[in-house]
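Chain lettering (A, B and C) follows the sequence in which the chains are written, and residue indices restart at 1 in each chain.
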Amino acid sequence: MLAIEIQGLSKDYAVGFWKKRLRPALRPLNLSVKSGETFGFLGPNGAGKTTTLKLLMGIIFPTAGSATILGKDFHDPEVKRRIGFLPEQPYFYDYLSAPELLDYYARLSGMPPTGRSQRVTQLLERVGLGDVGSKHLRKFSKGMLQRVGIAQAIIHDPEVLFFDEPMSGLDPLGRHEIRELLQSLKDDGKTVFFSTHILSDAEALCDRVAVIHKGELRGIGVVNDLRAGIAEKAEVIWEGAHALSGVAGSLAESHVTGETVRGVVRSQDIDLLLEKLRQQRARLISVTPLQGTLEEYFLSKTADQEAKA
Amino acid sequence: MTSRLAAIALNTFREAVRDRVLYNLILFVLLLVASAPLFSQISIGMERMILVNVALSSISLFGVIIAIFIGIGLVSKEIEKKTLYTILSRPVRRWEFIVGKYLGLMVTLVVNALLMTAGFYLALLITAHGLKKTDALLLVAVYFTILQFLMVTAITLLFSSFSTPIFSAIFAFALFVIGTFAEDLRTFATMSHGATKWVVSAVAYIVPNFASLNVIAQVGYGQPVGGRMIVLNTLYALFYSAAVAAAAVMVFERRNLK
Amino acid sequence: MTGNRTVTVVAACLFLALFAGSVFSLREVDAARGQDATMEEILYLPSGKTVKHLSLGYSSLLADIYWTRAVQYFGGRLGQPSMRYDLLYPLLDITTDLDPHLLEAYQSGSVFLSQPQPEGAGQPDKAVALLEKGIRENPSYWRLYFTLGFVHYIDRRDFKSAQEAFEKGSNVPGALPFMKVMAARMAERSDDISTAMYLWKAVYEVTADPTVKETAMKHLASLQATLDMAELARRVQFYREKAGALPTSWTDLVRTGLLRGVPLDPNGAAYKLMPDGTIQVEDPRKFPFLSPGRR
């Protein structure tokens, strides 16, 4: 069951004062996340990660495309009961205390009054803020605010979580604690979708990652495969979606964006695949052995490749 | 839906109550009201009149300033500080957010006005050594002032939904001043012809009209305000505010936030 | 896809309906208030000095607004039975408190005040008070003295005060020579038509206000007509003495060389010769100031 399915979601901004040019912040994105998966959304700063999350949350509206979350349209307000969101460097009402804030958010998410205050107390313990009492958020440190942020994202026990740079600006101790939190959420069976530019975090937590650069999806891979260090698999990119049906059997994974197809194939099957593609008159674009660390994969994907589709 | 609206409204009220700047403003007004008896020393035999005029005018003017001041933060501040992001990721509809904020602000302003009126009556009690029957009339002036708040706040909300705090404040205050003289605009419209007449008339109805809500001088003289006037003015203020709030909902619904 | 379409549509419909409601209610409010409401507020204002203090430095702007209201209200309703003459002086008083140098308010305002109803408020004493205030605040503006003299002579029949006003005004640097002439005539208590015509001609030349110019023209026309009719009556008497009977029409007088043609009034219509020998104007309505003893 797919927790998140994104189809052709794109966002262009009109820039310029007199003559409006279009600046693409996000090119059409196709992506899906399975239920219970921890999915990392990697990319350098300005790549479009936050734009994607803002689109999914309904903070900005897409130029084209659609998405579903837990099978429902992503703008459906009711589905928001089952999701949680932590924005990048969040700021909360500084005149409230942590329990007041969480209670407010819990109300807005539709939690009934019974048991609400217990849950708030429990949650504050869980994120390591058990002793803040009625201190106003104005006095919280960055790390404490980040924890509040996670607390508000999970207070209503959602199934799918969206985090935007959850570790940003934290000291090593803070990052370690947040990582542990994320791990425990994963153990609870939640679907976690988070964006980051810190590869070691992604390596430690994610099942799969996607690499985005300059608004464009550059690659998706299973972390285990990428970590193996042995070129067991290769990523093949070609133009010619019609050919997909003929070769689907030999692919471990495939991904379509318009006419472009990305497939993952076992190294020994590369030649066979290339032959089939030639027969089908598909235009081969690249063959990349999946080897080395996640970092190498990331770097290879974000190197400027204007010739590619 | 109602629980979300109530939650947002109450939180907005809570925010206003904990805002230190607001306290200072209210304190200032109370001081002004308290010093009104001093003004009256200037004009012998008119103490009461002067006190009423100064106090009620202060409540009106500064109440509007407070309304604009908090009002501009309603949406602008939330967008700038990104506190809105975690609200919209919840099952809160955009329109619920706007309407909830507006209701919360109105509650704040009414409480504000009542506080200042209480202070004013106290000053009246002290200066005039007792209250007259006609002092009940003064409540009508306060009520009409609250109706003005209703309208100004809605306007501030509208600007706040698409403009920065500074511009929202400037436009809202400008409309407040124009609203005081809107009647002259309509008189001018009836005397002009053709295209000018239509344009000026349209403008005269779009801006708020405060002329009939400024009864301070009248009640200062002990002149009563008719029941029909109270009802009609209430209707006007309610219709106008609701219309502007609907416009704010429309704008906010379609807006790409930062 | 931009937001929830249903919400946008519902909000748009609500907006239109509610706005229409606000327009409707506002018109009802206006109707209930009555036309004079804004004007009547003048009566509730504390003294002009207090208003000036309260206007926080914007007093001349406020003065302009009040003056504009006065012109619109009184200009539009001149002659109608619903005119609130009692509001004019308080309005002018407050306006000139707010801006003591708003000369137009003194000039046109005092003329309005002093003219008898229905052309004006019929309160010449208040006009005098207003003008004296204007002179106090603007001592170098000689035209105020002129208007003061005018009011004393025309509407109050007070030659002494009129003479004083013209005299004082003639001494102000820049005053036109006719001020001295008028002072002299007042001293002689000349209450004749030529004095009045001289005065109204001066008014016509001095003022920039078209309404006042029109009033001056009407006065001059009436005075001219009075002169004409007196002269025509003399010639008719002359004819009667010579011919032994009253003339039946103007042609009789032309035949005998007493007139060169049919006599026309300042508006271009022929004077009417009545059977009893008196003269009348063709259209009395065009000569509102024409009546025995009126100037």
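Criterion: contacts are C-beta pairs under 8 Å (C-beta built on N, C-alpha and C of every residue); 3 or more make two chains touch, one makes a residue touch a chain.
As the structure is a computational prediction, the values presented were derived from the model and not from experiment.
Colleague: Keeping to the contact definition above, tell me which chains border both chain B and chain C.
Modeller: The shared contacts of chain B and chain C, listed by label, come to A.
Colleague: Kindly indicate the chain pair that has more C-beta pairs in contact than all others.
Modeller: The largest set of C-beta contacts joins the chains B-C.
Colleague: Taking each chain's centre as the mean of its CA atoms, how far is chain A from chain B in angstrom?
Modeller: So the centroids are 45 Å from each other.
Colleague: Could you state the distance in Å from the CA-based centre of chain A to that of chain C?
Modeller: Between these chains, centre-to-centre, one finds 82 Å.
Colleague: Chain A: which residues touch two or more other chains?
Modeller: In chain A, 61 touch at least two other chains.
Colleague: Could you tell me which residues belong to chain C and also touch two or more other chains?
Modeller: 2-4 - these are the residues of chain C that touch more than one other chain.
Colleague: Of all residues in chain B, which are in touch with two or more distinct other chains?
Modeller: 93, 254, 256
Colleague: In their complex, what parts of chain C are in touch with chain A?
Modeller: Contact set of chain C toward chain A: 1-4.
Colleague: Mind listing the chain C positions that touch chain B in their complex?
Modeller: Touching chain B: residues 2-4, 7-8, 11-12, 14-15, 18-19, 21-26, 28-30, 32-33, 37-38, 41, 44-47, 50, 54, 65, 68-69, 72, 76 of chain C.
Colleague: Residues of chain A touching chain C in their complex?
Modeller: 61-62, 66, 75
Colleague: Which bits of chain B are touching chain C when the two form their complex?
Modeller: Within the complex, chain B contacts chain C at residues 43, 46, 49-50, 53, 57, 93-95, 181, 183-184, 186-188, 191, 205, 209, 211-212, 217-218, 220-221, 223, 226, 228-229, 232-233, 235-236, 239-240, 242-243, 246-247, 249-250, 253-256.
Colleague: Going by the contact rule set out above, which residues of chain B touch chain A in the complex?
Modeller: Residues 3-4, 7-8, 11, 14-15, 18-19, 81-93, 254, 256-257.
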